[in-house]
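Look at the two complexes coming up: subunit A is in both, with subunit B in one and subunit C in the other.
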Partner chain A sequence: MNMSKIVRSAANLLFPFILVFGFYIVLHGHLTPGGGFQGGAVIATGFVLMFVAYSYDFITGCIGAESLHTTETIGLLLFIVTALVALGFGVTFFTNWMLDVGPVLNNPVAYGPNPGDLNTAGFIPVMNLAVGIEVLGALSVIVLYMLSGTKEEI
Partner chain B sequence: MMQELLLQNLPALLLAVPMLGAFATPLIGKASGGARNLWAVAIMLATLAVAVLLTAQVLSTGTVVYTFGAETPDLTVPADSGGIPIRIIFTVDAMGAFMALAASFVGLGVMLYSFASASRSTGQNGYYALLLLLVVGILGMVCTGDMFNFFVFLEINSLAGAALVASRVDKGVAVEAGLKYAVLSTLGGLLVLFAIALLYGQYGALNIAVIASRMLFTPLDQIALVMLLVALAMKAGAVPMHFWTPDAYSMAPSSITALLVVASQASLYGVFRVVFTLYGLTLEYATIGWIIIILGVLSMFVGVTMAIPQKDVKRLMAYHAVSQTGYMLLGVGVGLAVLGNQQLLDTYGVIAMEGGIFHIINHAMYKGLLFLTAGAIFYRTGTRNLNQLGGLGHSMKWTMVFFIIGALAIAGIPPFNGFASKLMIYESVFLFNPLLAIIAMVVSILTLASFVKVFHSIFMGPRLPEYADVREVPAPMIIGMALLSLLVILFGVFPQEVVDLLITPAAGALIDQGGYIASVLGGA
Partner chain C sequence: MIELVVHAAVLVGLICAALLVIHFRDLLSAAIAFGIFSFLLSLEFYILQAPDVAIAEAGIGAGLTTAIFIVAIRGTRRMEEEVEE
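And then the complex of A and B:
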């Protein structure tokens, strides 16, 4: 059952902002408080808002549990593969190998008060992104399954 | 180059391989179910290969340390850290390697068996992914050298286990068992976490070797010890914290139950690691040793007496699992009780420990085998009620043979592996305290009696009309069971070789606390 038009319009309006805020927390994980899990949870709340505003049938018609499952799996795979690549550089599992290659995410960190540089910290932002993707998929799918158990009032 | 890379990173690969497998399983399963099954078995084979290589490495060169996130694996204490290992370190000694080997072998048998046994259920993508994650949890617990990391893997183990227990919903009954398991595991996990916090607050470190080297056995340490022992003994299913085992073991699919037995033994390993390595000689070993012995005797006796009246074949086997855990606690407890006395340790303490540790792998093999046969019977007949079963010996000959092997092994009849380890326990415990050895023997006799009853009511008697069309189970299930029974027989016929190769180093590693500390911190 769809909620009223006011709720749906407000949800539509808020959804992109919640996504942007969530991804901001994910991507700034190595600079500010937050990180992959927290950001992923914020993004998932955006999805939950849409689940609440629209009917279960409408939502599953748009995204569906399968694609959320896939999102979750891709996040997990990104995480473990990033950690495994380190072995190829002759260092141990989970070593920050991106610090040894190329200019990507590899600026030296400035001392003292500074506005923060996104292009630092090696593979930590990549790991944050992986966790963020995983959490947004997993939390959304949990809520979706809970929703599937509720009975529609007619 | 490739080979060197492999050999250098064995402890990491032991976890990374099944973890990668678990995460990729749902994606592959989306493409094709057959490819996913092959993938899961290939991953388990690779894990077993890594475990074998790692064990060989540990046995030939001593304890292997692996520092995550460092330039080289043996860089445990960075130069600028002030002598403290700041990174997560895996410390794989002979005991850990032995457990990892047992776990990955049972994992392989279970995986093959699942091919057929899970083929009729839905949600197989999740099933195989969780199965591999459960293996990750077990392997992580037995390899890690870091208390907090141990807690993390304990939680992975518990969560994957609880989800798998509930995987066959069965009108909500299995979900209830899964919830019970999850709640109790979480409670245990919280106790472990609190104990770790107490240790961390005092010693400012999480690494087992560092805590062990600074251990003072203050009252706070005693509280932490009690919490660790209670939580891990509960996860291992020792009486009086055994009440979750019958529910969880009987409601889980049989393949999962076989692996849950190994998961419980990883917690048992945790008990041994805590008392021997973390606390070592600082604790009052005679008192703690006797506490573990009493836990063991209670488990043995209560387990078997509760098993006898059961009518559900898997509940019965679950109570026997509790009873067999008692033997391991008894053997290792006797070793702990005489830890400070080198002469008694040489006379019988070490043998008792070897018996207890040998019993761990033997139990994993024959109990896993028995649960798999129970699953095979359930797969064909759809019931686990002993009063309804009968006459299956006519149609399920292979299953019957495997059941006989498992039942004789658990009762301690030669030439099966249960006899070998139980004999070591009887002989050494008799020197320590004859009464304990007599109780252990009586329990074995009761076990035999109970399994004779089960065998008779399942396989003997005339062919029943309701099971007229029952056939033998599919080949993958037979292969899974054959794999385990092969080891049951091999370990029973050549016990001395196994003890010399695996068990003696494992017992030595548990006793040698100084060696464990030195392998991480360097020096002695």
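And then the complex of A and C:
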């Protein structure tokens, strides 16, 4: 069963802002406090807010546990494949290979106090994004399975 | 001076929220009080120069744990019953 209209309206209003803030934390993981896990937890909080506000049937009609499983798997695969590609360049596992290849994520870090540049740090932003996607899927699917056990007549 | 006042207010609020969690018989109110406790704890982490831990505490403690408690209350009873000795 759905929660009251007040809870549903507040959840609808807050959901996009929580998503934007979570992705901000993930993408600025190498510059500011936070990173993949914290940002993924914030995004998962937004999803869980919707899970609590709406009924289980409505949620599974919209998103489904299967797509959350897929999200988690995509995050893990992106993480491990990015680490494995380093072997193709003849260096060790988890070497930051993006520092040597192409202009992407490859700017030199400015000296002294500066606001920070997103286009730095090699594959660390990619790893943060992978961890964020993985944590988002994992924490959401935990609460979704908990919600599937509740009775519907309340 | 202002930092000291804010810090003391957060600490007093932490103790009050923790006492409220024990005091409430209504479990939904206790879950919300626990969410307030987690939020104040993340503020305390931020004051103590640990913004990384503060974000994790705000996301996991105030968001996910409260939601899990609310889901558990939806599956069981809302009011706590007196235990007979």
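Just so we're on the same page, the second predicted complex is superposed on the first by the 153 of 154 C-alpha atoms of A that agree within 3 Å, B and C clash if a C-alpha of one lies under 4 Å from a C-alpha of the other, contacts with A are read in each partner's own complex, and residues count from 1 in each chain.
Here is the rule we use: a contact is a pair of C-beta atoms (placed from the backbone, for glycine too) under 8 Å apart; a residue touches a chain by one contact, two chains touch by 3 or more.
Please read all numbers here as calculations on a predicted model, not as lab measurements.
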{"item": "Partner chain(s) touched by A:L136 [first = subunit B, second = subunit C, both, neither]", "value": "neither"}
{"item": "Touching partner for A:F37 - first (subunit B), second (subunit C), both, neither", "value": "second"}
{"item": "First (subunit B), second (subunit C), both or neither touched by A:L68", "value": "neither"}
{"item": "First, second, both or neither for A:V26, with subunit B first and subunit C second", "value": "neither"}
{"item": "First (subunit B), second (subunit C), both or neither touched by A:T45", "value": "second"}
{"item": "Partner chain in contact with A:V126 - subunit B first, subunit C second, else both or neither", "value": "neither"}
{"item": "Touched partner set for A:V81, first subunit B, second subunit C, both or neither", "value": "first"}
{"item": "Interface residues of subunit A shared between complexes with subunit B and subunit C", "value": "none"}
{"item": "Contact set on subunit B toward subunit A in their complex", "value": "5, 9, 12-13, 16, 19-20, 23-24, 26-27, 30, 66-73"}
{"item": "Footprint of subunit B on subunit A - complex, ascending", "value": "66, 69-70, 73-74, 76-77, 79-81, 83-84, 87, 90-96"}
{"item": "Complex contacts: residues of subunit C adjacent to subunit A", "value": "51-52, 54-56, 58-60, 63-64, 67-68, 70-72, 74-75"}
{"item": "Contact set on subunit A toward subunit C in their complex", "value": "25, 33-35, 37-38, 41-42, 44-45, 48-49, 51-52, 139, 143, 146-147, 149-151, 154"}
